[in-house]
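Each of the two complexes below includes chain A, the first together with chain B, the second together with chain C.
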Partner chain A sequence: MRAEPCIAAGVALVVLAALPPLAPWLQSRLPLVVLGQYPLLVLGGALIGLRLARGRRAGWTAAPALAGAALAMAFWLVPRWIDAALADPTVGLARALCLWLLAGVPLGWGWAQAGPVLRGFALANAASMLAVMGWLQLAIPARLCNAYLLSDQRLLGIGFLAATAALVLSLSARAFVGRATRRNAPARA
Partner chain B sequence: MRAALATLAVACCGAAALWWGTEGGQALTSEAARRLDIARAPRALPDVVLHDQNGALTHLSDYRAAPVVLEFVYTTCPDICLALGTAFERLDAALPRDARLISISFDPADDTARLGDFADRYDATAPRWRVAGIKGDAARAALLDRAGVVVIPDGFGGFVHNAGLYLVDAQGRLTAVFDPEDTRGLRAALADDAR
Partner chain C sequence: MAEATILPRAVHVADRGRLWVMLYLAATGLVLILMMLAGLLMRLAQSGWLPLDPALFYQLMTVHGTGMVGIAALGGAAVMWHFLSAHVRLHSWVMGGNLALFLIGVVAILIADLIGGFAGGWTFLYPLPAISQGVWPVWAAVLHLLGLLLVGVGFLIWCLEVARAIIAGYGSLARGLGWHVLFAGSTRDVPPPTVVAATMVAIVTTLALIAGAAVIVMSLVNLAFPAVPINPLLAKNLIYFFGHVFINATIYMTVTVVYELLPRMTGRPWKTSRVFLAAWTVSTVMVLIIFPHHLLMDFAMPVWAAALGQVLSYVNSFPILIVTGLGALAIVHRSGLKWDLVSALLLLSMFGWMAGVIPAVIDATIAVNSVMHNTMWVPGHFHFYLLLGLLPMIFALMIHLVRHEDVTPHGSDLEAVLYALFGLGFVSMFLLGGWASVPRRWAQHLPEWMVWDQIASVMALGVIALTTVFVARFLAHLPALLREG
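Right after this comes the complex of A and B.
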C-alpha cells in the first residue's frame, strides 16, 4: 500500500471509531467499547506506524515501542478510566488520541521493526493477558464499571476468552500446520 | 543495551502513568476512586427539597444538627435496594437517637404512596427514618452528581446503580461512603466523628 492510502485508511478508522454516528453506538455497551472501538483506534494508528516504519531499520526501537503500546492499552483498560471516558468528553478525546497515537502507532512501528522472537513473545504475552482479563471479568461478582451492566462485563469476559482462543489457535496453526506444510511441500522446479 | 534501556524507560513511564491513574493501586474502579476522593475531601451536598413518605417537605439542610446517613434507592428495586433497606433497619436499631436516616429515591416515578410502601416494608418512621423523593429534575441530577451516584437503565424497566451508605456530618458534608453490608464501619466512623 502506498503512503497516502495507508495513512488515509488509518485516519479514516480513527474518525469512524471516535466520532458520530458510530462512536455513541460503540460506547453504549462495554464489549463494543473494548472489543470494537479500542481495536479500531489501535488499528488506525498501527496502519500509520507500519507505513512510517517502511524502509527504516531501527531494530532497537521495536521492544520499547511494543512495550509502550501495551502499557497505553493497559491504562485505558482500567475500569476507572473506562467510566471516566464515558462521563467526560475530554477524557474520551484523550483516550481516542492515546489509543491512536500512543498505542496504535508504536504498535505498528514496533511490529515492523521486531524480529520473529520478539513478535512471538509479544503474541504469547497478548494471549496470556487476554485470558487473564477474560477470567477477571467473569470471576469478579461485582460491577467493575459504574456506567455498564454486569451482563456487559460477563459478555466482555467471554469476548476476551474468545479472542484468546482465536489467537492461540492462529499461533498454533502457524507454528505447526504452516511449518509442516512448507517443509513437506515439493520444491518448485 | 540501547533497546534494553529504552524499554526500561518506557516501562517506567507506563508504570508511573498507571500508578497515577489508579492512585497508587488504590482506585482501579471509579467506585473506589469516588470513595477515596470523598474521604480525602468531604463535599457539601446541594440543599435539595425532599418529599417524604407522609407527603411532608423538608430541605436537606434541615438535617444540620446531627449526623445523617443517606442511601439512594428506588422503591420498586428487586435487588440491591432490599439490601440497603435491611442495612438501614440495622442502623435504625443501633445508631444514637439523634442520628437520622434518609432513604432517597432517585426514581421520579416514586410518589408518596410508593415511598410509603417502601417505608412500611422496613417500619421506617419519620423523623428518625424518612423515605423521600427529590423535588425537581435539576435538583435530583445535582444531588446524584455531587454524591457520585450513577444510575443506568437495567433494560427491564428498572435501574442499576452504585450502592452505598453515605455518611453526612453535622455540617452537611458528605464525609464517607460504605458498602451496604458495612454498617459496623459506618458506626465506627460515626463514633469517631462524635469524639
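Right after this comes the complex of A and C.
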C-alpha cells in the first residue's frame, strides 16, 4: 500500500468507527464495542504507524511502543471506562483518540520496528491474555458494565475465546507455511 | 524410500552462544545437586531416619518438583542449543535473556516456598494456592506463580528464537519437520535429526507456554479476587496441558546429543529417513493431546477424553522411541565402538527413556490408574525417565565438552555403570512402593512402607555422589572452557 492511501485508509477507519452512522450501532452491544469498534480504531492508527515507520530504523523503540500500545488498550478495557465513554461524549472522544493515537500508532510503529522474536512474543502474549479476558467475562458472576447486559458480557467472553483460537491457529498456520527457503539467511531477532 | 543422509559437523565454533551453553550447564549441575539433596531429605524423612516437619516436607517437595522441571528444561536447552547452532543461525542474546529471567524466577520461587512457606506442589492446582488453611500467606502463592511466569516468559522467548532460526534456515516449521521430504519426496534441504527435534520442541513448547501463562494469570486473578472462581476442571486441564508438554519436550531437547555424538563416535551417519520424519510428526501431534492421561481419575472429564488419554498414551512414545532407540542400536551394532563414559551415558539414556516410559503406559490404563495413580508408582515413572533417560544425556554433553569434543574413547565407563546401578535401585524402590500401594505425597510413612524408603535413601546417596563427580569434573574445567570460547 502506498503512503497516502495508507494514511487515508487509517483515517477512514477511524471516521467509520467513531462517527455515525456506524458508531451508534457499534456501541449498542458490548461485544461490538470491544471486538468491533476497538479493533477498527486501533487498526486505523496502526496503518499510520506502519507508514511512519517505513524507511526508519529504530529497533530499540519496538518493545516500548508495543508495551505502550498494550497498556493504552488495556486501560480502555476497564469496565468503568467503557461505561464512562458511553455516558460522556468527551470521554468517548478521548477513548477514540487514545485508541487511535496512543494504541494504534505505537502498535503499527512498534510492529514495523520489531524483529520476529518480539513479534512472536507479542502475539503469544496476546493469545494468553485474550484467553484470560475471555475467562474473566465468563467467570465473573456479576455484571461488570452498567451500560450492558450480563448476556453481552458472556457473549464478549466467548468472542475473546474465539479470538484466542483464531490467533493461535493463524500463527501456527503462518509458521508452518513459512516462506521460500533462504538457507541460513541473516535475520533480525 | 527416499532417504537423506546427514553426518553432523563438529561443533566448535566459538560464537554459537558457547558461553551461555557453558553457564547453562554449570547452573544445571549446581541446582541439580541441590534439588537431589532436597529429594534425599524427603526420602530420609519417609524412612523414619530424619525427623522433618511435615510443613517443611511439602515446601521441599514443591521446590524439588518445580526445580527439577526447570532444570531439566535449562539443561535440555543447553544441549539443544549447542547442537542446533551448527545447523541454523541463532542469536545468543536470547540465551542470556532466558537465563536472567530463569534465575530471577528461581529466586522468587525459593523465597515464596522456603520463606513464605508455599507448598502447593509444582502443579499449583486450583484452588490449593488460594486455600492454604493458613499454612502459607497469599503473597507466597503470588510470588511462586510470578516466579513461574518469569521462567515461562524466558523459555517462550527462547522457543520463538529457535522457531525463527529454523524458519530462516529451512523456510518454515513444516520444512523443519521435513514434510517436503515426507509428503513430497523432496531430497533438497533435508533437515538433520537435530533440526527435526528442535522444530518439534519449538512448536509444542510454545503452545504449552501460552496455555501455562493463561492459567497462571487466571490463578493470580483468583488470588487477588477470590470471588472470581476458576472452573477446577478447566484449571487442571490447562495446567496438565502446560506441564505435561513442557516436561515431555525436555527429553526431545536432550536427545539431540544422541543424534549428534553417536554418529561421530561410530563414524556412521544418522539417517533422516521418511520413517524418522513420520515418527516425529506423529509424536508432535500426540504430545499435544495425550495430557488427559493425568486426569483419568477426574470423573467429571468426558469419557472420550479419558479414552483418548489411554489410547494415545499407548502409542505416543513409540514412534520416536523406536526410531531413536533402534537407530542408536543400529549405529552402534558392530561399529567397533569402544565403550567410554560418554558413549555409555548415551546408551544408558536410551535405556532409561525406553524403560522409563513403560510404567507410564501401564499407569495410563484406566483400570490400573484408578488404583495406582496416587501411589509411588507414578514418581517411579518420572524419576526413571528423568534420572536414567534425560540426565545421562546432559552429563554426556558435559563430559564431551570437558574432553574438548574429542570423541575418541577415554574410558571411565565404570562411572556410568555405577550411576545406572544406583539409579535403577533408586527408581525401583518407587516402583516397588507403588506396587505395595504406598501413597505418594505423604510426608510420613507407616513402618511397613519404610523398607522401600530406606533402600531408596541409600541408593540416592550413590546417585548424588556420582552426579557430583560428573558436575565437579565439568565445573573444574569451566574456566578453561570459557577461555577457549
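To be clear about the criterion, the second predicted complex is superposed on the first by the 175 of 189 C-alpha atoms of A that agree within 3 Å, B and C clash if a C-alpha of one lies under 4 Å from a C-alpha of the other, contacts with A are read in each partner's own complex, and residues count from 1 in each chain.
What we mean here is this: a residue touches a chain if its C-beta (ideal position, glycine included) is under 8 Å from a C-beta of that chain, and two chains touch if they have at least 3 such contacts.
What you see is a predicted model; the values in this text were computed from it and never measured.
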{"item": "Partner chain(s) touched by A:129 [first = chain B, second = chain C, both, neither]", "value": "second"}
{"item": "Chain B versus chain C as contact partner of A:28, first or second or both or neither", "value": "neither"}
{"item": "Touched partner set for A:170, first chain B, second chain C, both or neither", "value": "neither"}
{"item": "Touching residues on chain A, where the partner in the complex is chain B", "value": "59-65, 67-68, 70-72, 74-75, 78-81, 83-84, 143-150"}
{"item": "Touch list for chain B against partner chain A, complex", "value": "2-4, 6-7, 9-11, 13-15, 17-18, 21-22, 27-33, 150, 152, 154-155, 160, 162"}
{"item": "Footprint of chain C on chain A - complex, ascending", "value": "115-117, 120-121, 124-125, 127-129, 131-132, 135-136, 139-141, 168, 172, 175-187, 189"}
{"item": "Touch list for chain C against partner chain A, complex", "value": "88-89, 91, 93-94, 156-157, 160-161, 163-165, 167-175, 189, 203, 206-207, 209-211, 213-214, 217-218, 221, 227-231, 234"}
